[in-house]
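Next come two complexes built around chain A: one with chain B, the other with chain C.
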Partner chain A sequence: MKRRFSFSMVGLLVGGLLLAAMPVALAQSGSLRLPKTVEAGSAFSIESTGSGEAVLYIVGPGQVLKRKIRLGEATFFAPGDLHNAGHYLAVIVADSSTQNGAFDVTAHEPAALSFLAKPSRVAVDLRDGISGVVYVFDTFQNLVLAPTQVSFQLSGAAGAEQTRTVLSRNGVAWTKMNSAAKEGSGQFAAQVGSVTAERVIQQVPGDPCGLRISARPSGQRLTVQTDPVRDCSGNLVPDGTVVTFTETYNGGESTVDAPLKQGVARADLPAYSGVTISVATGVVLGNEIHWGKQ
Partner chain B sequence: MMKNILIACSIFAAVFAFASDESAVRVEPTDSVGPRALEKQTKAAVIRDYLKAWGSFSHAFEQNRPDLLDADFVGVAKEKLQDTLRDQAKLGIQTRNRDAAHDIQLVFYSPEGLSLQLVDTVEYDVRILDHEKVQTTQHVRARYVAVLTPTEVRWKVRIFQAEPE
Partner chain C sequence: MTGRLLAIFIAAATVVLIAAGTLWPVPSAVAMAGSGSSLMSSSSSPQAAVEDLAGEIGRQDWTKAYAGLANKNEFTESEFVRDLTGTYPSLRTYATLDSSDLRPLHASADEAQIQLKLRWSTVVGTFLDTRTLQVVRSDDRWAVSWPIVKEPRVPPQVIPVNYLRWDVIYRGPADDWGAQDVEAPHVRIVDMHPVDRSDGVVIMGELLNEDVVPAFVTVKATLLAKDGSAIASEDSFDKISHVLLPKQVTPFLIAFHDLALSQVDSVHMDPSATLIAASADPVIEIEDQRLNAAPGASFTGKLINQSGQVVNVAHVLGTFYDKNGQLVWVADQFIDRALLPQTPVSFAMAIPADIAGKVSSERAIAATYSSGRPQ
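Up next, the complex of A and B:
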């Protein structure tokens, strides 16, 4: 009997303390009912307890709202009222009490892609030579942070189509692609669902490969010309590319720069006997020709 | 064991390098940030400019001055924050955001070097004032995702968005 009595006393004491503490907890945060997350642009409501008039503040870096409300009633927010993703505080201030809460606004479904493809002009047959980065946004320009499948596709008349599918992380997805073996423009596309962004990549011939010259006499001069100058994939190097012919004779040296025309560069040089003629373009050296006596 | 010590050292070094009187800053060690190597100087510059952006954000929201964002924000982030500031001014609201602690992790550096993304678990106090009367002060812990892009002389915040932890 004595033990039962003491248990009852302890129970009453604990219950009393809880009851005493409850109004404080309610005043701070316990009585505000609000969603934990809201999708950007969606309708939602916040419920409070009590009675009388108060002011509701929704505050975050992305948006701020202020409403006069009646305590004890639900406050409704229409679609589009809160459309910027982020962390928000909800605070209801009445004459004698304040109720607080917090919630997050998350991005809506993907509606736009920020697609950066680099470079816009690239040499052919370059492994991982093209990069693509996509940031995924919703219709309100919020970054879609939920993992999203992003499909990258590089196609064009110049080569086989390449496709990669990447799962975005923190709203971003990236990939690298090889440039095609043949010159020409390529279409580089990124796609999320029905949302597509496209960039054009110009794939141009690479450095010349196997630069060769030949010479033939033309009166007192030598006409020196290259074979058609191609890169290592067989593409003609663009016209206008400068080819340098160097003539070395009797300790002296003279050079002639000639642009490629239809893939061939040509120069007329004095036909000294014992002359050495070499050729170069960019960092690529070609063969040498020794003319006349050795 | 050695690796753990190195990681701890880099964290402490980062804390000392960036800590200010007002907030404690911890920078997670960065093993990989995607397709592009991140140089020490770049990392230091990005963290410095990001923290400076928090300072601008705080001052702009306290004084309702959109122009204070110009030096550190650009693009969508700047537009959204400026819209909020205009709304605050219209409603007679001011917010004081005092950042107490940052836990920053650099997560992505784009291959062409034109964007760098970080995630920051930040703790800060928000004081809401309505016509200069303090309504409440709340302690907030939130995970921010920020994307910074290089401009003429500094990195600027282009995306600034909190997400659920």
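Up next, the complex of A and C:
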């Protein structure tokens, strides 16, 4: 995950050296004592055989270490010296011989979560409407490939809490949740041990249900108003939703696109006799009323 | 010898053409020249008087135009200017006169009636301002009596508005990878028809904002050939209402010129929506909507601004359906005058003759722009 471009040129040079030395190294690989795996950021040591001075190279993904060592002694590496997970080669180059070996650096304990929660705004009462994907990382931003228990939790003022526990595969865990029947903000959390990441999911009302209007005279005009507009779960449809009032009369028509304000939409229309007034919002139609002589 | 003759001929022809152009200039050349009217003895006929006035209006020489009017005592020069450029900023304010036509309607020895068509250019196309002018003779010259249209004045008052708007906080540059951004609005094409027209292919349809937040929308269409290759790609440009409030529907029309539907195997539609800060006001009533039958089929009505703020530019979109409720045409018109609160402004949009017979019902929406407020 981490990119260390400053080491890339050194890596290339040392890689070339390794390729040149590879036949000899393979022949002598048994003489280098290495740990099989090292946890990223942990201290470790490498032991060699022989005597005299040599140079130890450790080459891995995005990281190269070079140490002057004495053959036959253990070389210690401090915590944090190797922090990128991956497969590493260790090569000891002496005047007359070369020793080499390989080991793996594995991710440390989970320390950070990248949590993708989609969508951030969802209609209420939608089955599997919310998805959450978690990538588990350690302190050094290595993807933790070991299976890890990830707990997902969707809670909030709206609806009962939902919990799912998923075992990560190749560092990734995912789940789907239902949106609540009541509108409101939901806290969608992912947790691994003591590490948590949280996202806010806005659960918003669905399409209006049972749209109804009434009319009353207002001077020379008619004031037409909706009842409080709710969705099929009884949630008030958000203010700003456009409601279209249409008045038809003698081959003529008047329309007003009025936004909901405090739950209702209101419009003033001409007060002709024998008019029909209808209402719609989006693709949802409401009732019709007839006013005056027919 | 031949060359010398040719040179003499070209020189003579040049002199003749310069003289002809000076004595009988075309109106547009007069307008461009600026002071051309003074070269001709203007106002020697009703037509010349109207031509002079049109030229002065084109050059925005308001003082000279006003000075030559026969009915100056009925209004001031500033009222005359406001009639032509608008009291409040609007399309008229920034328009330039593209061309003018006049048509004599009636004439006598001392009086004439002439129709003047002023074609103004704006950033959204041209609009036509047609005035019927009385031209009267005074001594040996003719003067135009200008039919002033005074913009209504809205009396000082307070109009309470329960103001509603949306503001958006987007994801910041410092946010981690994986930190979610605000969701783009969900929009859906609810109707779409490709139609073969004499001048090309037209894609018409309707787009619904099915979300609870406002959206800035565009629709792009790509015509695909049988082998899957793209023939052409266009977007709806101004034949759409770009700002859609929650649950609002806009028609759209995308024109592909010089193409036939027979060349097209399929159409790829690409609606896009961006979350924007927007206001739910002003509310515009569209009153007295009428379909006027052919010949000269049109859709007319009046816009009434029910809010308290002045709308500088209004755009009306008409969607026309056949008796089965199927979309058959989309037309639009920009309103050249500002919409003042509670003040009706008429609109009229033409419907093609071959479409007019099929139209059974219509739906109109108005998009607005007000300077100084987020849309």
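The rule is simple: the second predicted complex is superposed on the first by the 252 of 294 C-alpha atoms of A that agree within 3 Å, B and C clash if a C-alpha of one lies under 4 Å from a C-alpha of the other, contacts with A are read in each partner's own complex, and residues count from 1 in each chain.
The rule is simple: a contact is a pair of C-beta atoms (placed from the backbone, for glycine too) under 8 Å apart; a residue touches a chain by one contact, two chains touch by 3 or more.
Not measured: the values here are computed from a predicted model.
Novice: Is A:Lys118 touching anything from chain B or chain C once the two structures are fitted on A? First, second, both or neither.
Specialist: both
Novice: Touching A:Thr281, do we find chain B (first), chain C (second), both, or neither?
Specialist: second
Novice: Should A:Gly251 be classified as contacting the first partner (chain B), the second (chain C), both, or neither?
Specialist: Only chain C; A:Gly251 stays clear of chain B.
Novice: Applying the document's definition of touch, where does A:Lys261 land relative to chain B and chain C: first, second, both, or neither?
Specialist: second
Novice: Report for A:Tyr135: first if it touches chain B alone, second if chain C alone, otherwise both or neither.
Specialist: In the superposition, A:Tyr135 touches chain B and chain C alike.
Novice: I'd like to know which partner A:Leu269 touches here: chain B for first, chain C for second, both or neither.
Specialist: Touch partner of A:Leu269: chain C, not chain B.
Novice: Quick one: is A:Thr241 in contact with chain B, with chain C, with both, or with neither? Answer first, second, both or neither.
Specialist: Only chain C; A:Thr241 stays clear of chain B.
Novice: Which partner chains sit in contact with A:Val204 here, chain B, chain C, both or neither? Use first/second/both/neither.
Specialist: A:Val204 sits against chain C, while chain B stays out of touch.
Novice: Could you tell me which stretches of chain A are touched by chain B in one complex and by chain C in the other?
Specialist: 116, 118-119, 135
Novice: So in the complex, the part of chain C that touches chain A is made up of which residues?
Specialist: 162, 164, 166, 176-178, 180-183, 190, 208-214, 245-249, 280-281, 283-291, 301, 306, 362-366
Novice: Could you list, by residue number, the parts of chain A that touch chain C in their complex?
Specialist: 114-121, 135, 199, 204-205, 207-208, 237-243, 251-259, 261-262, 267-270, 281-284
Novice: Going by the contact rule set out above, which residues of chain A touch chain B in the complex?
Specialist: Chain A reaches chain B through residues 36-37, 55, 57, 59-66, 84-87, 89, 91, 93, 98, 100, 102, 104, 106, 116, 118-119, 131, 133, 135, 141-143, 145, 169-172, 174, 176.
Novice: How about chain B: which of its residues touch chain A in the complex?
Specialist: Residues 34-35, 57, 61, 76, 80-81, 83-84, 87-88, 91, 93, 95, 97, 107-108, 110-112, 114-115, 117, 119, 126, 128, 130, 135-136, 138, 140, 142, 145, 147, 159-164.
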